[in-house]
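Two complexes come next, and they have one chain in common, chain A, joined by chain B in the first and chain C in the second.
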Partner chain A sequence: MNSTLPALLFLVPFLSALLCGALGGYLRGAARWIALGALAATAALSFAGAALAAAGERLVTHMGGWAPPLGIEWRLDALSAFVAAFVAATALIVHGALGDVRRRELGEREPGFNTCALLLVSGLMGMIASADLFNLFVHLEVASLSAYALVASGGRGAPRAAVRYLVIGSLGASLYLLGVGHVYAATGTLNMDDAAARIAAGADPRLTILALAFMISGLAIKMGLFPLHGWMPGAYARAPLSAAALMAPLVTKVSAYALIRILFWVYGPAGLGRAPIVADLLCVTGAVALIAGALLAAREADLRRLLAYSSVSQMGLVVLGIGLANAAALTGAILHLANDALMKATLFVGAAELAHRFGVREVGDLARVRARAPWTAAAMAVAAFSLVGLPPLCGFFGKWYVLMGALESGRPGMAFAIVAGSLASAFYAFRIVERLYFARSGEACPEREGPAGLVAACALLGGGVAALGLGSDRVVALLVRAAIPGGV
Partner chain B sequence: MDPRVLGAMAAPFAAAAAIYLGRRRGAEAWTYAAAGVSLALALALLPAVRAGVAPEVRLMGLLPGVDLFFRVDPLGLTFALLAAGLWVVTSVYSSGYVRAMGLENRRRYFACFAASIGCALGVAFAGNVLTFLVFYEGLTLATYPLVAHKETDAALAGARRYLAYALTGGLALTAAAAWTWMLAGTLDFVPGGFLPPRLAGGALAGLFALYAIGYGVKAAVMPLHAWLPGAMVAPTPVSALLHAVAVVKAGVFGCLRMVQYVFGPDTLSSSAAPAVLIAACGVTVVAGSIAALRQDNLKRRLAYSTVVHLSLIVLGAALLAPHGTVGAMLHMVNHGFAKITLFFCAGAIYASTHAETVSRLGGLGRHMPWTFAAFTVASLALVGFPGLCGFVGKLILARGAIEASQMVPLAILLGGSLFTAAYLLPIVRAAYFDPAPNDAVREAPGLMVGPLVATSALVVVFGALPAVINLQYELAARAAAQIFGGAP
Partner chain C sequence: MIDYLFARGPYLPYAALVMLGLYLVLTHQNLFKTIVGLSLAQSGIILFFVLLAVRDGATVPILAEGDDRPLNNPLPHALMLTAIVVAVSTLGVALAILRRLQEEEGSIVERRRPEEEP
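Here is the complex of A and B:
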C-alpha cells in the first residue's frame, strides 16, 4: 500500500530538529515542547505503522512518485515496523524522562542538544524505513554525526571520547559505503529488492561477497561487536547522562537491524549459501562477544561503562542468533533487539537519575542510594535480572529462542556459549543488585529519588521489561513471526 | 480455572507486596493472614485430588504452545501442603525470633519470606517444565536476600556462593527445557513421562545430566551441595523452612518430576541414568555423614544432615519402583517435620545461650526442657525410630529397594540411618548427661518454643496416628499408580 507514513517517520523528527534549532535561541521553552512533541508524533506514527503491519499491510513511500528501481523507496514491513515501534517508544520515554537532568547538565546548550537528539532519532528511523542501500548510508551518517555531537557535549573527557568515537565510527561508515559501492558495481542497482533479485540471479559472486564483507565489517563497528567495540564504553560514560541514555539503547540495535536486513533481504539464503563462512564467522564472533562482553563488564567499576560492556555482550547474542540463520534463532535475535533496548533504557535512565540526584557514578557507590531510591532501584534490579535471563522477564525469551535455534541446527557448542554467557552476565548484574540492596555505606545520603516524572519513567521501563517478557508470545505471534524472511 | 489454586499461590505474593509497600508493623499480620489463606486453600484442594480430579489453571501463553500452566496432582499437592503448613508455624517462630534477636530490616525479611513460599507453591503446582522453571528461578531470587540478610561480609559471601550455584542449576535447567521442547514438542508434565520413547543414547545422557545438575543443585546432591552449609549464615527461621524444607525440597521435588513425569520409568530403566543417580546419592550419604560428624557448628551439622536425607529421597525416585516413589514422597514430608524442629531448636538455643557449637550444648537439657525434648524426638525420628514420622518413609523406601531387588540402595538407606544416629544422638546424650553450665540459662521465648513443640507433635502424629499416615500414603500411592499404572 502506498503511504507517506514510512517517510514521515524520519521527516517529522528531521523537520522538527530544524525548527528546534532555529527557535531554540529565542524560545527555549517552545523548543523543548517541539522536541517532545516530535518524538511523541514519531512514536504515534510508528505504532500506527506497527498496527498496520500486524494486520498484514506493507507500507511503501516512493519519493516524488518515482517507482523503484529509479526512485528512492522507504517501506514498513513487519520487521521494520517492529523495530521502529520500540525505537520510537524508547526514545520518547527516555527523552521525556530526562528533562530535568538535561536542563541541569546542559544549561545554555539545551536547544542545540535537543536538535542533535532529534536528528539522531531521524537518522535511526530513516535507517529502519529505508529500502535503499545508499539511502541507508545517508541516514546512518545523519545518526552518527549527531551521535558524535551528543557525546562531545559532555563534560570532562567527552571531547576525547567523541574524537575516538568519530574516528572509529567514520571507519565503520566508510567500510559500509565501500560495500555499497561493490554491490552497485556487481548489480547496477541500489534498491534492496532489485539488488536481491540480481544477486539471486547470479551477479558476480566475488564482488557481491566482498561487498557483504565490507558491509558487515562496517555495521559490526557501528553495533559495537566485540572486538570492534572500543568506542562504546568511553562514549557512553563520557557523554552527557541524557545523551547516553538515548544512544545506548538505540544506536547499536538499529545497526544490527540493518545487518539483518542486508543479510536476509538483499542476499537471502541463496546469497549466503555461496559463502557459508559468513554465517559461521558471525556465530563464532557472536559467541565470543557474548562471553567476553560479560567478563569485561564484571570487572568494570564505572556504572555506565559496565552497562556499555553489557551491551557488547547482549549484541553478541543477537549476532549469534543472526549467524545461526534459522527461524528460531532469528526470532530470538529480532526479539532481543527490543529486549536489550528496553533493559538498557531502564538501566541508563536509572544510572542518569542516580548520577544526577546522588552523584553516584561507580558501582561501588551505589550503596549510598540504599533505601533512598526504592523505585529506581527496583526497576534497575528487574532489568539486571532480565539481563541474566531469568524467566519470565524479557531477556529470558530472547535467549530461549536463540538457544532453540542453536539446538535445532545441531550446534551444542553454541548452546553452551549462550548458557556460559548468561552465567557470566550474572556476575555483573548481581554486583549491581548487591550494591543497591545489601551493601552498607558509611555516609548516608540526605537526598531522595526524584523528580517524580523521572522515577515514574524508570518504573515504567522496568515494568516494560516484565511486560515484554510475559507478552513475548503475543509479540512474536503478531510481528516477529511475520518478520522472518521466507526460506530461512 | 480453579480459584483455589490461583488463590493459594497469589496470597503469599500479595502479602509480599503489601509488606514491602506497607508499614513496618503490618508485616507480621500480613504474613499470618497469607499463611492461613494459603494453607486453607491448599487443604480445600485435598478432597478433589483424593477423588482423582486435577484442578487446573491456564494463564497467558509464554511460548507458542506453552502456557503459564498449573495443574494440581497428588505429588504437587503433597509438596504444597508441606510448604504452606510449615509456613504457618514458621511465621509464629519468626515473630519470636526477630524480637529475641533484634533483627533489622524486618519488612524485607517478611516480604522475601512470603515471596519464597509463593514460589515454592508455584513450583508445586507447575504443570509444565517452563512454569516450573519460572518459579524455580524465582525461588532463587526470593531467598537470596534472606541469605544475605545480616549484610555482614560472611553473609554476602554465602549469598554470592548460593547465587552462583543456584543460577548455574537454573541455566542447566533452561538448556534442558529447550532441548526437551525440541525433542518432544511439548513441555507439559505427564505421569510416566512425555519424552519420545526411543531417544538416542547421547541425547538421553546429555539431557539427563542437564536436568540432574538443574535439580541436583537445589537438592544439594554432592558435588553440588557446597552452597547449603554456606547458606546457614541466614537467620534461623530461613534455614529452618527454606534451607531444610522449601528450597531444597523444590530440588528433590524436581528430581521426582524429572524421573517420573519427564523421562518416565520406562525410558530410564533401560539406561545407566538411575545407576548414576544412585551412585551419586550413595557417595553423598557417606561423604555428607562424615562431614556432619566433623562439624562442631550445630546449624552446619544439621545442614549436612539435610544433604544426607535429601539424597535418600532422590534415591527413592531413582529406584523406579512404585514403593520407591511412595517412600520418597513420604520421606520428603516427614524429613521436613523433623528437620524444621531441629532447626527451630538450634535457633531457640542460640537465642537463649548464644551457643552455636555442639560442644557448648552440654547439660542444657535440664535448663531448656521443652527445646531438648523436641530435639530428642526429632533426632530419633530422623534415625528412624518406630512410632515417629521418619520411620514410615524409610520403611517404605526399603520396601521399594527390595521390590526393585536392588541391595545397594538398601544398604545406603540403612547406613544413612546409622550415620544419622552417630551425628545426632551424641548431642542428645551430652545435653542430658553432661554437667550443666554454671550460669543460669532459661527456655527461649514462648513464641519460639510453641512452634517447635508444635512441629515435634507433628513428628509424633505423622509417625503414630494411622488415619494421618493412611491419608499421606493414599496421596503418594495415587501418584505412584498414575506413574506406574495399576490401582492406587
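Here is the complex of A and C:
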C-alpha cells in the first residue's frame, strides 16, 4: 500500500531537529517541548505502522512519485515496523524521563543536545524505513554523526572517547559504502528488492561476496561486535548520562537490523548459499562475543562500562541467531533486539538516575543507595535478571529461541555456547543484584530517589522487561513471525 | 600482466589511497593525522565509485542534439555528491571535537597507557 508513513518516520524527527536547533537559542522551553512532541509523534506513527504491519499491510513510499528501481523506496514491513516501534517508544520514554538530568548536565547547551538527539532518532528511523542500500548509508551517517556529537558533549574524557568513536565508526561506515559500491558494480542497482532479484539470478559472485564481506565488517563495527567493540565502553561511559541512555539501547540494535535486512532480503538464502562460510563465521563470532563480552563485563567496576560490555555480549547472541539462519534462531535474534533495547534502557536510565541523584557511578557503590531508591533498584534488578535469561523475563525468550534454532540445525556446540554465555552473564548481572540487595551498605546516601518522573520511567521500563517476557508469544505471533523472510 | 594492469590500472590509485589512509589511521598517535588518514580513505572510496561510472569511449553524461556517443553512467557521480557531503561533515565534526580535546587536555595525541583510557 502506498503511504507517506515510512518517510514521515524520518521526516518528523528530522524537521523538528532543524526547528529545535533554530529556535533553541531564543525559546529554550519551546524547543524542549518540540523535541518531546516530535518523539511522541514518531512513536505514534511507528505504532500505527506496526498495527498496519500486524494486519498484513506493507507500506511503501516512493519519493517524488518515482517508482523503484529508479526511485528511492521507503518501506515498512513486519520487520521494520517491529524495529521502528520499539526504537521510537524507547527513545520517547528515555528522552522524556531524563529532562531534569539533561538540564543539569548540559545547562545552556541543552537545545543543541536536543537537536542532535532528534537527528540521531531520525537517522535511525531512516535506516529502518529505507529500502535502498545507499540511502541506508546516508541515514547511518546521519545517526552516527549525531552520536559522535552527543558523546563529545560529555564532561572530562568525553572528547577523547568521541574521537575514538568517530574514527572507528567512520571506518565502519566507509567499509559499508565500499560494499554498496561492489553491489552496484555487480548488479547495477541500489534498490534492495531489485538487487535481490539480480543476485538470485546469478550476478558475479566474486563481486557480491566481496560486497557482503565489506558490508558485514562495516555493520559489525557499528553494532559493536566483538572484537570490533573498542569504541563502545568509552563512548557510553564518557557521554552525558542522558546521551548514553538514548544511544546504548538503540544504535547497535538498528545496525543489527540493517545486517539482517541485507543478509536475508538482499542476499537471501540463495546468495548466502554461495558462501556458506559467511554464516559459519557469523555463528562463531557471535558465540565468542556472547561469552567474551560477559567476561569483560564481569571485571568492570564502572557501571556504564559494565553495561556497554553487556551489550557486546547480547549483540553476540543476536549475531549467533543471525548466523544460524533458521526460523527459530532468527525469531530469537529479532526478538532479542527489542529485549536488549528495553533492558539497556532500564539499566541506563537507572544508572543515570543514581549518578544524577546520588553521584553513584561504580557498581561497588550501589549498596549505598538500596534503602533510598527502592523502585529504581527493583527495576534495575529485574533488567539484570533478564540479562542472564531468567524466565519469564524477556531476555530468556530471546535466548530460548536462538537455543532452539541451534539444536534444530544440529549444532550442539552453539547451544553449549549460549548456555555458557548465560552462565558468564550471571557473573556481572548478579554482581549488580548483589550490590543492590545483599551487600553490607556502609553509610547510606542522605537523599531519596527522584525526581518522580524519572523513577516512574525507570519502573515503567523495568515493568516493560517483565511484560515483554510474559507477552513474548503474542509479540512473536503478531509481528516477529511475519518478519521472518520466506525460504529461511 | 600488461593487459591486466591496463584493464585494472585505474583502480590502483583507489587501492593506494584507501591503504594509505588506513595506514595513517592505524599507525599515528597524533589524532589530527588519524583524521587526515580517514579523509584519504574516504576519498579513495569516492574515487572507486567515480571509476565505476566510466565506460570505454564514452563521454560526459550531458545529452546533446546529434551526438550519439555513449555516455558515462551519471548515477555514481550523483551518489558521490552525497558521499562528499557526508565526508565533509565527518571532517567538520572531527575537527570540532579535536579542538575541544586540545582545549581540555592541551594535546591531541592518543595515549597508550591503560590508566588513561577514556
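Observations on the structure shown:
The criterion applied here is as follows: the second predicted complex is superposed on the first by the 487 of 488 C-alpha atoms of A that agree within 3 Å, B and C clash if a C-alpha of one lies under 4 Å from a C-alpha of the other, contacts with A are read in each partner's own complex, and residues count from 1 in each chain.
Here is the rule we use: a residue touches a chain if its C-beta (ideal position, glycine included) is under 8 Å from a C-beta of that chain, and two chains touch if they have at least 3 such contacts.
These numbers come from a predicted model, not from an experiment.
By the touch criterion stated above, A:114 is placed in contact with neither chain B nor chain C. After overlaying the two complexes on the shared chain, residue contacts for A:473 are found with chain B alone; chain C is out of touch.
Look at A:162: by the touch rule set out above, it reaches chain C but stays clear of chain B. When the shared chain is aligned, no partner comes close enough to touch A:310: not chain B, not chain C.
In the superposition on chain A, A:184 makes contact with chain C only, not with chain B.
In the superposition on chain A, A:388 makes contact with chain B only, while chain C stays out of contact range. Common to the chain B and chain C interfaces on chain A is no residue.
Note for the complex: chain A touches chain C at residues 134, 137-138, 141, 145, 148-149, 152, 156-164, 166-167, 170-171, 173-174, 177-178, 181, 184-185, 190, 234, 237-238.
Against chain B, the residues of chain A that register as touching in their complex are 385, 388-392, 396-397, 399-400, 403-404, 407-408, 412, 415, 419, 422-423, 426, 430, 434, 437-440, 470-474, 476-477. Those residues of chain C that touch chain A in the shared complex are 18, 22, 25, 31, 34-35, 38, 41-42, 45, 48-49, 52, 76, 79, 82-83, 86, 89-90, 93-94, 96-98, 100-101, 104-105, 110, 117-118. The residues of chain B lying in touch with chain A in their complex are 60-64, 68, 130, 133-134, 137-138, 141, 145, 148, 151, 156, 159-160, 163-164, 167-168, 170-172, 174-175, 178-179, 181-182, 206.
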